[in-house]
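Okay, got some structures for you below.
Okay, so chain A shows up in both of these, paired with chain B first and chain C after.
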Partner chain A sequence: MKPILDVKGLTRIHGTECPSCLDMTGPEHNTNVCPACGSVVAAANVSFSLQPGEILGIMGESGSGKSTVVKTLYFDQAPSRGSAIFRDDDQSHELFNLNGAEQRWLRNHRFGMVYQNPNLGLNFGISAGGNIAERLLMNDLNHYGDIRRRASELLTRTDVMVSRMDESPKQFSGGMQQRVQIAKALATRPPLLYLDEVTTGLDLSVQARILDLILEIQHELGTAMIVVTHDLGVIRLLASRTLVMKYGRVIESGLTDQILEDPQQAYTQQLVASTL
Partner chain B sequence: MTAISETPILDVKGLAKQFSLHEQNEIVPSCSDVNMLAFPGQLAALLGPTGAGKSSVLKCIYRTYLPSEGTVHFQRADGEVVDLARISEQDMLQLRRSELGFVTQFLHCVPRRPAEEVVAEPLILRGMALADAVAQARELLRRLNVPERLWRLPPATFSGGEKQRVNLARGLIAKPRLLLLDEPTASLDKATTGQVIELLREFKQAGVAMVAIFHDPELVKALADTEYRLAPPQSLTHSTPAPEAMQS
Partner chain C sequence: MNPDYRLPHSQDSYGFGFLDEFAKREIRRVILKAISIPGYQTPYASREMPMGRGFGTGGLQLTLSMIGPDDTLKVIDQGSDDSVNAVNLRKFAELTCPEVSTTESTTEASLIQTRHRVPEIPLREDQVLNLQVPYPDPLVIVEPSEAKRKIMHGEGDYARLLTKLYEDLVKFDEITISHRYPTRINGHYVIDPSPIPRYDVPGLHQSRALLLFGAGREKKIYAVPPYTNAEPLVFDDVPFRTESFYTADGQRRACDRCGSIDSFLDELNLDDGSKAWQCSDTDYCNRQLARTEAGEATQ
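Up next, the complex of A and B:
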């Protein structure tokens, strides 16, 4: 089976960028700020592939560049260089060579994103149902009744009370907002879903229900996912393979059980030892 | 017993595992120079004192540990021989889904899911319909004496023995071609242990190859075709593995 996503050499540098940016940053230099020019190397030479239906974990502490990876793949940020090939049915798309309209089309139709901060993923100015309708409209579902029916289906699936679909998500609890985000992301049945710290900051019981939901979705729809988190419990539960990032670099990758039971790098050993 | 001349499904050569602990600046040897074979329809028992690295050998075969040295050749169902120490992560995941099984002493499973679905999961991952998979799971749970009232409950609150039965059922349900067993009967009563022996005998008859660690000499006697005795590895630095003599 061919990977649904092939990422090679993904690099994102904030700032002017000089020739020593990559040489003088990274785990061995204990910084991601270039001492020569002050640019921030958010991600450097990140490469990985993702199989259809697979869940890949990206783990690391804040500032490690893990969110940068999914944000560039979702076109929230442009990479400084690198390539990412997305295979969709018989077509291959080189994501960073597409024009803006093509990128928007993929983003609206084939990718889903759930942000840590619901503010980024939801429009609080319109109702929960409206948020989902927005995405359905972009997918040429135009009949009011059809949209409403599909929106209630999605909210039911993600355990949001349909009776509250006409309220603004602003009035919802944090866990409910995340579930509306998930419903919205799933509206188009995307083959690829990005989850950026989706359970961070939620109550444990709420976290558990969201994680259950994510697993159920993967079982039912076979959605491939990239799960970004600093929580080893989330990685253990969801991901079959894991990348560990530090200062913008992937320092270790492997099968999740191997990363957690036999970590090779000093940093990963510390991370595992401090959490288990 | 099957003829020994048959080709092995698993051929472990010169396997060694050391842990490099960066924080402590130490290298801890776990097992060294392990050579062993496993044949279809036979059970190879790993024997040796605690600290001899028996569990490490199983984890190296399953790639939960990265072997430090040696090869782990496995003959796939399609006849091709691959080195489990070196194949890609994707290939390893695929083999785990379709050909390898690992039953440990502890149940690691998705929480909050009914026991019968936990057991059925390996079949569902292979594409079987939920209802059929759960039906098979129930049959196996019954054979392993798990009370019917527990089947719909998540195993988190089960007793140690009940959890272990769920764990066994989950490991056995998909009938892997190579089954790794790490003290699968450690906290089971005699009747259930008897059921397990009977099940494993059926597995042998069906051609499943097994590598097992059994605490109980009775199980070794009842099931093992070959025995491999491991010695604690030579200490590489000043660190020493936990001395077994203290325990036994």
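Up next, the complex of A and C:
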């Protein structure tokens, strides 16, 4: 089976880049700010592949570049260098060579994103159902009755009370907001879903229910996912393979069990030891 | 307006039609571009006019750059030839365009400048309608950044506008936009058709006359060329509705003045607290009245 996503050499540098940016930053220099030009190397030479239906975890401390990777793949940011091939049915798309309209099409039709902060993923000015409707409308579903039906199905699936469908997500609890975000992301049945710190800031029982939901969705729909988190519990539960990032570099990658049971890098060992 | 004031067009300071020839040429070129890309908001250098922006300077610049001595001009405001805006703009055109005749008759006019209405009498191919536009961009209610709005227009991305309609249906069981109804032109660009009532929106579809929209303050010109599709934005299962003039017992209200039952009516509050309905298009109303009176005279 061919991977659904092939990322090679993904690099994102903020600032006026100089030739020594990549040589003078990274874990071995203990910084991601280039001492020569002051640019911030958010991610450098990140490469990985993702199989259809697989959940890949990216973990690391804050500022390690894990969100940057997902945001460039979701076209929220443009990468400085690198390539990413997305295979969809028989077609393969070179993500960073597409024009704006093609990127928007993929984003709306084939990708889903759940942000840590529901403010980014939801429009609080409109109702929860409206948020889902927006995504369905972007997919050229133009039938009011069908939109209502589909939105209430999705909210039922994600355990949001349908009776509250027409309320603003502002009035929802954090866990419910996250579930509305997941419903919105799933509206178009995307083959690829990005989850950026979805459970951070939620209490443990709500976290558990959201993680259950994510696993159920993966079993039901076979959605491939990239899960970004600093929470080892989330990684252990969801991801079959994991990348560990520090200062914009992937320092370790492999099967999740292997990484958590037998970490090779000193940083990973510290990370695993500090939580277990 | 000072009735004794005359623009010095006898001297060389002002040419025919107040605008200088460079300005006219630019606006004509922009009009051509707007016609070539139906519904696209073409930017132009809106000139200072001797009246505040927002008083119809966009429509007026269109009119003044197109008008010639053999044209007949009609200016209306909310359907009426006699309201302040219409009278002042007509006077200005009379002052600055010698030999141009003005009229109140829709059929006699070759050029019609209008605020907030499309005339009731269907226009012909040899007529041009210039609409004064306060807010040209329908996306402004969902996206504050103009740069992003331009991209959305370019990609035909109107999902968020439809989301607004969805929210209206959820809250009120009805789309609550009374005027400036977003309308898709020629299958791509969605325009703000200026504050015409919903009643006039179907009139834009496959119109025989050229429809031009000028926004002076926002510096945009756009067009609905003759015989072009203009479809109001709706859901597949929620048909577009115009204003209803039916009473609770199913009677179509008639104009209290001319008795017409097929025109757009204004609701008037009378001094005694009661209400009256009258055609908003005064030329149409006068015409109907004359016809009824002539009919009565022959009987």
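Simple rule for what comes next: the second predicted complex is superposed on the first by the 276 of 276 C-alpha atoms of A that agree within 3 Å, B and C clash if a C-alpha of one lies under 4 Å from a C-alpha of the other, contacts with A are read in each partner's own complex, and residues count from 1 in each chain.
Definition applied: contacts are C-beta pairs under 8 Å (C-beta built on N, C-alpha and C of every residue); 3 or more make two chains touch, one makes a residue touch a chain.
These figures come from a predicted structure and were not determined experimentally.
Undergrad: Based on the shared chain A superposition, would you classify chain B and chain C as clashing or fitting together?
TA: fit
Undergrad: Quick one: classify A:149 as touching chain B (first), chain C (second), both or neither.
TA: neither
Undergrad: Who does A:266 touch here: chain B (first), chain C (second), both, or neither?
TA: first
Undergrad: Output check: A:189 vs chain B and chain C. Expected answer is one of first, second, both, neither. What do you get?
TA: Neither partner.
Undergrad: For A:2, using the defined touch cut-off, is the partner it touches chain B, chain C, both, or neither? Pick first, second, both or neither.
TA: neither
Undergrad: Looking at the overlay, what does A:81 touch: chain B (first), chain C (second), both, or neither?
TA: neither
Undergrad: Go through the superposed model and pick first if A:258 touches only chain B, second if only chain C, both, or neither.
TA: first
Undergrad: Check the residue A:29 against both partner chains and state whether it touches chain B (first), chain C (second), both, or neither.
TA: neither
Undergrad: How far apart, in Å, are the nearest Cα atoms of chain B and chain C after the overlay?
TA: Superposed model gives a least chain B-chain C C-alpha distance of 37 Å.
Undergrad: Could you pull out which chain A residues touch chain C in their complex?
TA: 100-101, 104, 126-127, 129-130, 133-135, 137-138, 142-147, 166
Undergrad: Considering only the defined contacts, which chain C positions touch chain A in the complex?
TA: Per the stated touch rule, the residues are 151, 154-155, 157, 159-160, 162-164, 166-167, 169-171, 235-238.
Undergrad: For a test of understanding, state which residues of chain A touch chain B in their complex under the given definition.
TA: For this pair, the touching residues of chain A are 51, 208, 212, 215, 219, 237, 240-241, 253-255, 257-258, 261-262, 264-266, 269-270, 273.
Undergrad: Going by the contact rule at the top, pick out the chain B residues touching chain A in the complex.
TA: 19-23, 59, 63-66, 89-90, 92-93, 110-112, 124
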